[in-house]
Every structure is written in structure tokens, then in C-alpha cells.
């Protein structure tokens, strides 16, 4: 889209661009006020939470965002029907079943920085991969290590070299979330914890993992919401890319 | 006391002994029905929780238990005034300020088995030492490692050899309690976790540590109540001593 | 499997064995990093939680563990489809509908020690039997008493003689979990409580039973997570078998 | 007081009496609208919760209630200063330190029915005795058994005969409150449970005892609020006295 | 059944009877230890909670209880399939769809006393009627007033005369449960509150109603568990019938 | 202060006035950015929460607000030392011990509308009077009825006529907060509920009252935070005064 | 209906009318005591909560209310089957799918006052529109602004002019509910917050939004229950219409 | 200290250095195992939590850390007695009353990057300043804006230019924490939220602020524990400094 290009080159100010975008007819969908302004303001296109939306609504929002000039669009928590509808009707859409995500990557920023993402168990996979896709679309390299449980510390071995070269580390873990403390005690980079709702009983829908991460004995750990891979990917990419200068 | 000796030698049955004890005048204190029967029944003398008792009451119960033939008496959660009162008025009483405990060890069973106790931080000390004293009075050897935080895994090194030779391991930790999962993933012996109320905010008075231990990814861990060093020492000693055969 | 045998006979060190195992192709399944190392390290094969796994995934992990030399493999929380798939495709697999378990017992350690398991009501059955199977596979004898409610104390009668000869007692109870306190006041062996999520309203999904067990007036009780029969069976077997000397 | 007498003899209707009382100057204290009407309506004089009141305020309300014709007045949660002030300035006032109560019993109804009150431990004493005094002032006989812990079931022995002849049983217990289930499974009379805030950690300020009593496996148990000895005494006396016919 | 008759006439002691019953083959069902002893001990036949039982299991337990001599059997939380199965296969079985109950009333005790049951709204009906049926089977008269909401106080009018003549009052209410406080301030009889799980959001599954009832400003109210109509009916009948003399 | 007068007369726009005010030296205190803009914007002067402030800080903020042209200033949660300091050093300051408030009323808006405030018990007084003072300072008439408990419905009598003529009703109640439902079912005016933290145990620090009010069966009730008399007085005055036209 | 008309003209008193209505046969439906009295008493017809009612029951209550003279009837939480049944069988019924509402507006009061309703996101729509319809039926004008998220403050721009002319503002928001604080800091009219159960994890079913609104830094905000559009519409209309004079 | 210098220059490996340090006598204090290894491993000296430590213990740990070669030492949650003791006995110690901190800055890393810290209210000051001091000691520039409440959005104006040039933004806020969402919707840099325990009632000790931040509608926000200024300062400095290359 020409307009965003102009903004990026500096020939059009963001506010001016936003004003122009506001007159686009596609923007004013009945069921959702699409915020194309955010990409201009914060360097990250608005994503679409598919929960509670019909496949038709999801397709319409994606189309509107792309028409509005979005460099990329990510639909999260998208079940099979939404993923299929978007892939069928939006050219260039890619999907990941495990991450429950579908997306269009039209013009990504050049990758900068490196995020290392580690998860404790198999069930943390969907959240980790949502974070990974989000971070990649925001323009950063992602290295993934899954199933690095604390109950078998020897599993941490292969992760250590990557931790050393990370600009940001994301730890995805449920239940006791001990992995966040262990990694947080090793890594020199900022660590973002993502508690997951894995487990039952005392796992308490992820609250135990959340609280354990928040009072981790390792300083330098900050936390996003339960199962919020999207949020983790967003802040991790911002950290890894650093300030645009 | 002759009666308990007879029971131990088998010349008097426990029930008979209990019946005889029931006639002792010292037993029927106004403010607390002293249970000398328990030592006969379960091999562990009743302990005294000093919380909410005056020094005078504590001294009276201790005296009654000793008069009733107790091999040892342990007073827990005993502040300075209680400890001093008991030491002043009961011959042979020993005290430990940090564990907030005072006790009389008249005739301990011969030590059997070995319990390894590890704590995560300095503040877990009072709970760990309450557990240690209780276990020692019940007749078991205790090896202690303090300040073994997970945020510095290298601190685990000196603990490993002892873990290998333990009959039971007690892990005392608050906040994220990650130490319980790490130790639980290493030790082959049964592990008893003691969550502590250390920390603030998300530590939630020990509930986070409790829940994290309960859903630890390491199987073979069981848990006692928050700050319950006494309970941990009791079950750990029973495990380490094994069944009397 | 020859390797594990060698380890057991001492001709190969566990670390060496783990290293060799690490080169086996079957180990590196896409969806789960199978930990054959644990059996070497802790004397207990890793079990498989079927929750959220397809029958195909369950079969693949079981096969990989057996190929890796596991003496036994236990699949828990296995619904009918998983149980049938494992039994159809893994020779020697046995199943228990009530415990929602399926397992292969190729080479069990010789049984040692005795665990007595008591439950309060009919609905506690699935958890009790999961604990029982786990403990038996780890090599210990298990004696079971079901439906020993506290509201009818006379039901405790037939349990008493077995309690006396137990190396470890497991109490499975939901709601008020009063049975744990009653048994904990009688048994001389270590007692492991398993709160269950039976009941509604104030039972609070098992939290009331959990808390009641944790603050049981009977010392010597430790607790595993809500409905965690597997964890209870693991620690109970370790306690009953005692340290390998 | 003549008026209440007349009401009791039936020569004055309660409403009429209430109207007359409403004109008494003493009734309209600034800090509390004294409800002399309740004794007429429900057969139980209003009691005074001393918490947050000065000794002067307590004395003034007691005096007003007596001037208004109350047959008895009970002040609960009264610390030493309140108890002393009331005893110093109100003739015939009696006090009980342990129950933190002070009261005047001018004209009690003739005693009818029998309530048996049992408590689990020494710390439950203050709540039990508040319940006892309340029930006695309402005109019923109370039999007390303290320290009947469940961890030593043999302690229940001396209580059994009294349970058989009770019109109502009150069980006062904190922590796991297992005593309520055990007694509830034995007694044929209605059982009122009073959870107490005794204990720490998982006792959760009495909530665990409350919930355990509410989901007791013994039917026929109802519960009042945490530490609410006053409420328990009130309903127990009503039950034991039966309907006035 | 002759045995129970003998017990009632006093020619056989309850313990003796229980012993004899223990030899009956029907008693030892695989899935539930039927407690025919309770009717002898507490004057109330054991009821059957249908939740989590198949229709076949429900029928088998009912049959066993009747074979064991039960005067009546009540099955609660019985969905249509259970109700139909019991009615089809047990002669004399009656059912109530709204109360989700099915029962057999072979020989009820002669009715004594009167319970008044009031509910706040239409949705409280199932709980109220479960309580009603239980109380009637235990041998007491029940008067019912439904939909007596507090938001329209004029609705209380027709209830007042019945409140005056009650031996026990049961208040069934969810959400704010204000009806319990209003009735508790009027009735002279003991009041049993039953909080219901009606409502959403701040109603918190009945916890708000439960807590509101527990701290009702009206003394003389005791509470059973959320939605526990069965428990309320049990204690209400015991209260209303009074002690058997 | 001339500036505010000009704004009120319309000769100076609020924004212009705010800009001018921003240059006043007194405004920029180190410990608190005083918001004189709010009175201009919303017609209500900022109040001062004394909690955690020294008497000196409180006096300084009050002085700054008055210097900035505030028509009135209210300090809430002011203990004796703060009240005395303000009264000693600010001319015209008035105080109310029970409401824990001190204030200066320099130029109040002419009173308009009428708020009726009712409380359930004596202990709700401080919250009620904080609400009353706040509403009066905002320019509305307040009628107060205290101690209108639901357990004695006859106490509602004298309140009814005032309810009929209210523009807004404020109900202050803790514990079961049944008064809010009862009043909410009678009043035709908007009702604002203020839950209080009165009581212990199941009162849960005011959460039970809060939840009970939120799910009150009476529509037309909205709620402010626990013990938030200030908030209730603010919205009640706005409602009673209506839109300025 | 003539009777209500007479009441409105003053020729029949409300009580008299209520009495007459009480004799109408249609009023006494088995499953719900229809309260036609409320419209007379509080100026608002009772609405019908469709949750847990069959389409037939909903139709019957609507018909009864209309027969009883209701000016309008609103059915909330009505799924498609209920909406269709009411529209098919009650002449003049209108429905709104998004608000899950169906209603009959026979004789509305003349509109007075203006309510501005703003929501934070698309998912808050159903609650907002339930509030809107309720307020309109009670006789007030409603202006709606949807999707005014705080994460893009520029979206607030078009709302500001309407906020200035509002008699009452309703803010519908879930998750962090920050919109309530932002609007509450701008609007001079009373603000009613409606927390919604939108979101997962830390959103906690709407409790976070509820608590955030309750402790909003903006005074002058009161709150209704989670998702309670009906309650918000009721109080907002009462506020906007002001006292009938 | 020479050793650390050598490590920094690369002539001694961290592990070697740690080994050498392990032999220093000062390291092995009785009450705390001082971890000088962490500075080598993660580039951040261990800090000292003064809570629960005597002034003497604090001084001893600070001295040990400095003797061990720490570039700086920070003592947090230090009340006046601890601050004075450290300043009296450790040369070069500085203190900040408001932040409750005392520290020694011997050799700070050269400052790199810029953190902007904003707080909502005066009471958030202590937490904000603890974060500020920590970040400065780790070697980053900090810009502070206090009292930027959301209820007066105009206060955000002076903050905006600084937000644009931040490498990381820290938002300190309690109660509804709306400021985090507003800033999170504006800033392009990573945002770290610090919930504070300011407020009462529904503020719930900071849990409401925590949850509101976690489900903030603005992506790119991560959160540390309640009142954890130390943790926020740590991660913010790491983010702002970027990876050391």
C-alpha cells in the first residue's frame, strides 16, 4: 500500500496518514472498528482474536486490515473453520494448526535480534507457537526449544548455548512453572514468562504458574497473562529488535 | 517411667497401660487433655503447640507429659518467654531460638535412617530447623543444606551426594518453590515438600508455594501444610526409620 | 533390553547408558521428548498422561518407551479409545476401565513392602485404583479397602489389622476428607492423603479435602495433588520399598 | 419489669407492649437503636457485640436493655475492660474470661431440653463457652465435653452416652473439623457445627473447617458462621426447647 | 423385614441386628458398601446420590437397601433415565421430575412436627422440593411457600401465619439470599438456610448466598451446603420431630 | 478566587483557566500534583485521602487547593492528628470524628435535590457520614436514617415516607447487606449501595456484602467499592442534582 | 388495561389496584408468581429472565404480564427458540438477536433524559444492547458508541461531545475495564459501569473488570453486576429521567 | 577487587573466578550464602532484601558482597535502622528514605539506554523509586514522571515526548491500573507494569491492579509482582541496555 510506504519513508506524517485512512470505506465494518492507526503508531499491526467470531467476520476483518495497508495480519485462537475460510479467501494466507493461527505476511520488517523460546512440556506447544509466529511477523528471529522440563535438568544442556546469545528469552510453562526460575537464574537477557493453563487441581487453570513466575526467586523476569502467547511474542519482539534509531 | 518401659519390653499391653495412665492425677489438667496414649499407639510423643498458650500452661503440659512417661517432649512455636519458662523449670530442657522450639529429650529411640533437609533461602530457616529437631527426637539422623536456591543451580552441587544416600528428602521453600521440582527430579528417595509463607504479593502467604509443590512436574513428592515443619519432621522420620519389624 | 540389564548389574554406569540411549532413533519423536533416563536415575519409568493426546500419540510414546528399554509403561487418564488402541497394538498391554489406565508390565522389580490404600466412598474409586496400579508396577504389594466412610465408624473395623502391618498408608477421600484425620490418628506408618474432586458446592472441586488434609490434626500425614492417584502411588511405593541398599 | 410480665401472662399484646416501650426515654441512645422488641417477637433478648464499642457504650446499652425490661442481657467479645466496666456498674453482672463474655441473668425462662456441646481442641474453648452461656441464658441445659480430638478416637468414649440423650448437639472445631463428621455420623439429634478460626496456613482462617462441615459426609449437620458461638447457642437452644405450645 | 421390626420392638439390639445383616449376601455389592446400619443408628435410611451412577447401579442399590429392610429409600440428583429405571423395576417407586428425585416409601414413621419451607424464586424449586421429599420421608409435615422474593416484601404476607406455627423453617435462596435474613428476623423457630447456585457473576455459584446466610444479621439461622436440599430436609425433620422419648 | 468566578460566569473558558492555574507556584508541590482542573471539568473539587499522608502533607495539599481556588476541600480517612493539624492551620475548617473527616466549605453550590441515606447497623456509621458530608459539600440535601436492620423489619417504617421523596437513595450495609435488597425493592429512585467491611468470618472483609448487593434481586441498584462513602456521596449528589441545564 | 390507567390518573390507589389484580386468574401461574405490583410501585414492569425457562414458560409469563396490564415486557437472555416463540405468539413482539432480547412495547412512558452508552470492544455488544433496550423501554433516549477501546485513545474523540450532554453515562467493558476510569475522569454526569465476562485467564470471568471499576481512580462511578446490562439500563433510565414531580 | 577486574578483561574465566571466590573466608557467613557468582553470570550484583534481617545482618552481607568484589550493592525494603546502620558502617553508602533503600555504588557500568518510569499516584512513589535506583545501579538512564493519573488525561501531555524516546517504559500503578493500558496503547517501546498494593477493598492488596495489567487491552505489556520495584528495575535495565555485543 502506497500510503504506509510514504509514511515509512517520511513523506507523509502518521497523523496525516491516519486521517486519510479514516476515509476508506472498508474501514467502517459494522461489527468491529478496525484500527489501522496502530501499525503507524506502534509499529505492530493489530491482530484478530478469532474467539467468538464467525469465519465470515474473521475474513472480513483480515481483508479490511489488508486493504487498509497492513504489512501483515495475524488471526489467533482460530479453529479449523476460521483457518480454512481465511486460507480459502485471502491470497497468501498461511496457517499453523498447533498454534491455532492463520496469517498473511505481505511485507515484514527486516528481521533484527533473536528471541529464544523454551517450553516445559508438550502441552505448552500451542502457546509457544502462537508466540513464535507473532514475534516472527514483527520481524525477529526465533529459536525454539520444547519439552525442557525441570524434572530432568539434563534436558537444559542443549538450551544453554542459545540462552547465551539471546536478546530476549521467553519461557512457556504451566503447573509449577519451575522452568522460569531455572532459566531466569541462568539467562543474562530479559526473560518473559508465559504461564499456561495446563494441568488440573492445584494448577488452578494457570494461576499457580502465574503466581510462581511472579514471585520467582530469579530477578529479571516479567510475565504476561495466562496462555497469552500473542502478548509474549509482541513484547519479546520489541525487546529483541530494540529501539528504532 | 516404669510403665512405658514395660510396654516397650512387651510385658504390659498398650491398652492396659493406657488404662492405668488414665488414673494418674497429673493427666487431667483443666486446660488440655494430655494424650500420653499417642506415644504408645503411634511411637511418637504428643508435641505442644505454644501458640496461644501462656508460659505457665506450656510448663504444666510439658511436666504432665513427662510425668506420664513421655520419652521426649517438643514445644513448637515457642517465643522467648515460653522457652525461658520451660528451661527454667524443667530439668534437661534444651532450646533453639531460630526454630522457636524448646524440648526435653529423656529417652530417645536409637537413631535409624537418614533424612536430608534442604531449604531454598535464609528465611526458610525456622521451618527447616523445626522439622530437623522433630525428626531427630523421633530417632533419625538429619543432614541439613540451607540456602540452596534454584536461581543459582550451581549451589545444588554439594547437595547431590547426600541426596543419593537419603532415606527421605525434605524440601523447605516458599515463593515459587521451584527447588521442590528440581530436587524431586533428582532424588530417588521419597520427597516431602514444606511450603513456607515467605514473601509477599503473589507469594500469597505460602499458597503459591503449596500449589506449585502439589503440581510439581516431578512425581514422588508429597506435601505438608504451609510452614508445618513439625508435620514434615514427623512423616520424614517415619519414612526414614521404616516399619518396626 | 540389554542395556538396562547391564546397568542393573552394574557393568554400565547410568550416565554412560543415558548417553547410548540418546542415540536411539526412536527417542526423538516430534511431539514429546521421551525421558528414558528417568528410570535409570530414579528407578521409576516415566508414565504417560493421556489427557489431550490422540490414541496414536499414546501408542507411539508407549512403543518408544518400551523400545528404549522401559521395564514397564503406565498410561493414565486413558479413555476407552486410548486404552483400546494401546491394547490392540502393544503386545501384553493390560487395562483397567475404572482406573482409566492401560499398561505394559514387562519386567517389574521384585515386590517389596506393603501399602494399604483406603477410600472414603465409591466415587473415590478411580483415583484409588490409579494409585494401586502405579504402586504395583513400581514393585510393592497393595492392600485395598474401599468405602470406609467416617460417617459410619464401624466400617473402620476390618481395616485396623491391615493398618498395623502397613509400610505406608494411602487415604483417598473427597469432601470433608475426615477419613484422613481418623486414619492418621491410628496408623503408625507414614500416611499419604489424596484429596479427590468428588462432590459439589463447598467441596470446591477438591480444595476443601486438600486443605482439610493439610491441616489434619493428625501429624504424620503428607498430601499429593487433587485426584493425583499417580503421584500417591509413586511416593507410597518408594516409601514402602525403602532405600535400596 | 411489669410490662414484659403482662405480655408473658397475655394481658398485653406484644405490639401494644412494643408501642409503649417506644416511648421510654432510655431507649433512644445516640449510638445504637436498642431493640427491645426482639425479645417479645422471638423469645430471645438482643445481645451486645462489644467489638468496636467502648466500655461506656457497652454499659449504656446493657442498662438500656435492662431498663427496657430484658430478662437477660449478654455482652459477647468483651475484653477485660468491658467486662470490668459492666460488672462494676451493673448489679448482678457475671463474667467469663475464657468466653470473653459478661451478662446479667435477671429472669431466665425455666430450663427445657438438653444441648451437648463438644469441642475438638483447647483453642476452641472461647467459642464453645460463648455458645454455652448463650444457650443457658435462653433456658436450656448444656453438657460440655472439651478436647475430643479425632486424632485420638478413644477420646470419644465418654461422650457417647451424652450424645444419645441430647436434643441438639453442637460441635466446635477448627482446621479439618473432622470431629463434626464423626459426631454427625453417630448422633441421632440435630447437629450444629461451629467452625473456628484456629490454626494457620491451610486452615485459612476457619474457611477449611467451614467448608468441611458443609460437605460433611454425615447428613443432618447445619453450620453457623466461623467463630459464631453466639449464633450456635441461639439456634441450639431453640431446637432443644422445641416449639412453645 | 422382620429383623428391623424386632429392633424397633426392642427384642433385638441394633448391634446384634447389624451383625446379622452383615451376613446377608445382597449387602455386599461390588460398587458400594450399603449401610443398612445407619437407619438403626440414626433413625434415617441412607439415601442414594445418583450423580455418577448408572441407572443399573441405582436400581441395584435401591433393591439392596429395601432387601436390607429399609423403611424408605430416596434417590437424589436422579436424571430421567435413573428415575425411569427405578420406577420400572422397583414396585411402589414414586418420582418427582422437578426435585430430580425417585423414592420408595414402604413404611414411614408416623408424621410429627411441621416444617415450613420458603423459597425466594422459581429457580430455587428443585432444591426446595428435594428438601421437602426428604423431610416427608423422615416423617414430618411440610408446608411450602415458593417465590417469596424480598424485592417485593408484600409477598411475605401469606407466609407469616405459617411461620408462627412452624417447628422449623427452611429458607431456600440464591444470589443475595436476603430472604434468609428477613425470615430469620421474624421466625421464632430454628431456621435452616439452603443457599442455591442460582444466578451468575457475583452470585459466584452460590458462595455469595452461602456467606450472606452465614453472616445474617438474624441470629438463630444455621446453614447447609449449596444446593443441599437433602441435608436441609434431614436436619429440619430431626428438629421438627424432636427427641424420641 | 477571581479566576474560578470568571469561569463560572462564563467569561473565561475552563481550558484557559486551567492554563493560567498551571503557572501558580503553589500548585507544584513535590509530593502530589494537585488537580485544580477537576473542579472546572467535573464540578467537584478533588478531595484528599489522608491515608499514608503526614499531617503536614495534608495541610499543604489543602492549602494548595484553596489557593488554587477550590470552593471546598474534603479530607477523608483523617485520623485525629490530621484533623487537628488542618483545623489548627486552615481557617474555617470543620471536622467530624465519626466520619474521620475534616473539610473547608468556602463557597458551596446552592443545594439541589435530596439524597436519603440509610445504614443497617451502628458500625456502618463512619462510612455513612463520610458519604453524607461529601454529598452536602457537592450541594445537595441529605436525610439520614441509621440502624435500620433487616432483622427487625418494623424499623423500616419511619424510613418509608422519606424514600418516596428521594432523588437518590444510598444504602450502607455490611455482612449480608440484605437491607439493600429490601430498600431496592421499595424505592423508585436510583439506589446506590455501599458495602462495608463490618463483621468477621464469612463477612470476608465486605466482599460478601459487595457480592450480595451486586446480585440483589432488586433491579435499579448500583454499587461503589467497600467502605467507599466518598464515592457514594459523589455519585449520589450528581444523581440528585441532575444535569445542570 | 383500564386499571393501570386509572392508577396513573390517580383515581385508583396502587394498593387497591394490586388487590384487584390479585384476583385475576391469569396471575397465578404454577411456575412463577408474576409481580404486576412492581410496575405500580416502582414505575418499571418486571422483566423475564429466560435462562432456564422453556419457550412455553416464557410465552406464558409474557402473556400474563400483558394481561395484568403491563405497559411493556422485556425478556432477557432469550436464545433463538424463546425469541421465536414469543414473536410467533405475542402480537407486536420485537426481537434483537445480538442483545438476546425479545420485548413488547405497548405503552411506553414519554421519553425523558438522555443516557450515553459506550463499550470498549466488540464482544461487549450483547451487554450494551441489553442495557440500551431496557433503558429505552423505561422511557429515555439512548446514544450508543461502541468499540471505544482505551488502547487507542484517539477513538474517544467522537464520544466527547455526547458525554457533555448526558444525564447518565453507562460504560460497558471487560478485562482491565480501563475505559471506565478514563470516561469517569471526563464525564460530569453520573457514570454506571458494567463489567463484562469477556476474556480469559486473568480476566477471571469479569471479576477483574468488576474490581477495577470499583476502585477506579475516578470518583462518581457506581457499578452493577458482571454482564448485567439489564440492571444498568434500569438504574440509568431512573437517573436520566429524574424524580417524577 | 582484582579478580572481578580480571574476569571483566577476560583473563580469568567466570567459573575459575567463582571457584577462587569460594575460598574467601568472608563468603561463608552463617545466616546467608552470599552469591558473588551471580554478578559474573548475569551482570547484576545480588541485592539484599532487608525484610526480616537485623541491621547487623544487613551490614554483614553488604560488607561480604563488597569484599567479594561486587561493583555495587543495593539493600531494599530497608527501614530507618537498617539504612542508618549501613550508612554508618559502610563508606560511600547512599540512602533514599522514600524508596526505603540504601546502596553502595563503587563501580557502575557506563550508562546505556533510557528507561521512562511513570506512576499513577503519590502512594506509588516508594515502588517507583526502588525501581529507579535499581535500574540506575545496573547502568541505565532513568526519566521519572509521577502522579500521571488516568482520571485526568491531560496529565499525560508532558509524558508523551519522553515516551517516544524510551528504550523501555515502566508503569507503576495500583487499584484499577488503567494507566498501564493507556500508556501501553501509546508507547512503541516494551512496557513493564508494576502493580502496587495501594488502596483497600476491591483493590485487594494489588491483585486487581495485577490482573488488570495482565489482561490489558494493549499488547506489549509484561508485568512483575505486586510492589516489586526491584524486579521491574532489573528487567527494565536489561531491556534498555540491550544485549552486550
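Read from first to last, the chains carry the letters A, B, C, D, E, F, G and H; within each, the first residue is number 1.
Please note the rule applied: a contact is a pair of C-beta atoms (placed from the backbone, for glycine too) under 8 Å apart; a residue touches a chain by one contact, two chains touch by 3 or more.
This is a predicted model, so every value here is computed, not measured.
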| item | value |
| --- | --- |
| Chain hops separating subunit F from subunit D, counting only touching neighbours | 1 |
| Angle of the C-alpha superposing rotation, subunit F to subunit H, to the nearest 5 degrees | 90 |
| Type of subunit B:subunit H copy interface by residue overlap (half), same or different | different |
| Centre distance in Å when subunit G and subunit H are each reduced to the mean of their C-alpha atoms | 48 |
| Centre distance in Å when subunit B and subunit C are each reduced to the mean of their C-alpha atoms | 27 |
| Whole-Å separation of chain centres (CA-atom averages), subunit C against subunit G | 54 |
| Length of the line joining the C-alpha centres of subunit E and subunit H, rounded to whole Å | 60 |
| Multi-chain contact sites of subunit A, meaning residues that touch two or more partners | 149, 151-152, 186, 201-202, 210, 214-215, 225-226, 228 |
| Set of all touching chain pairs, with the criterion as stated earlier | A-B, A-C, A-G, A-H, B-C, B-D, B-H, C-D, C-E, D-E, D-F, E-F, E-G, F-G, F-H, G-H |
| Residues of subunit E defined as touching subunit C within the complex | 18, 31-33, 35, 37-38, 41, 52, 197, 205-206, 210, 225-228 |
| Residue ranges of subunit F in contact with subunit E within the complex | 120-121, 149-153, 175-178, 180-182, 184-186, 199, 201-204, 207-208, 210-218 |
| Touching residues on subunit C, where the partner in the complex is subunit B | 41-44, 47, 113, 166-167, 186-192, 210, 214-215, 219-226, 228, 230-232, 234-235, 238-239, 242-244 |
| Subunit H residues touching subunit F - in the complex, by the definition given at the top | 122-123, 125, 146-147, 149, 151-152, 154-155, 200-202 |
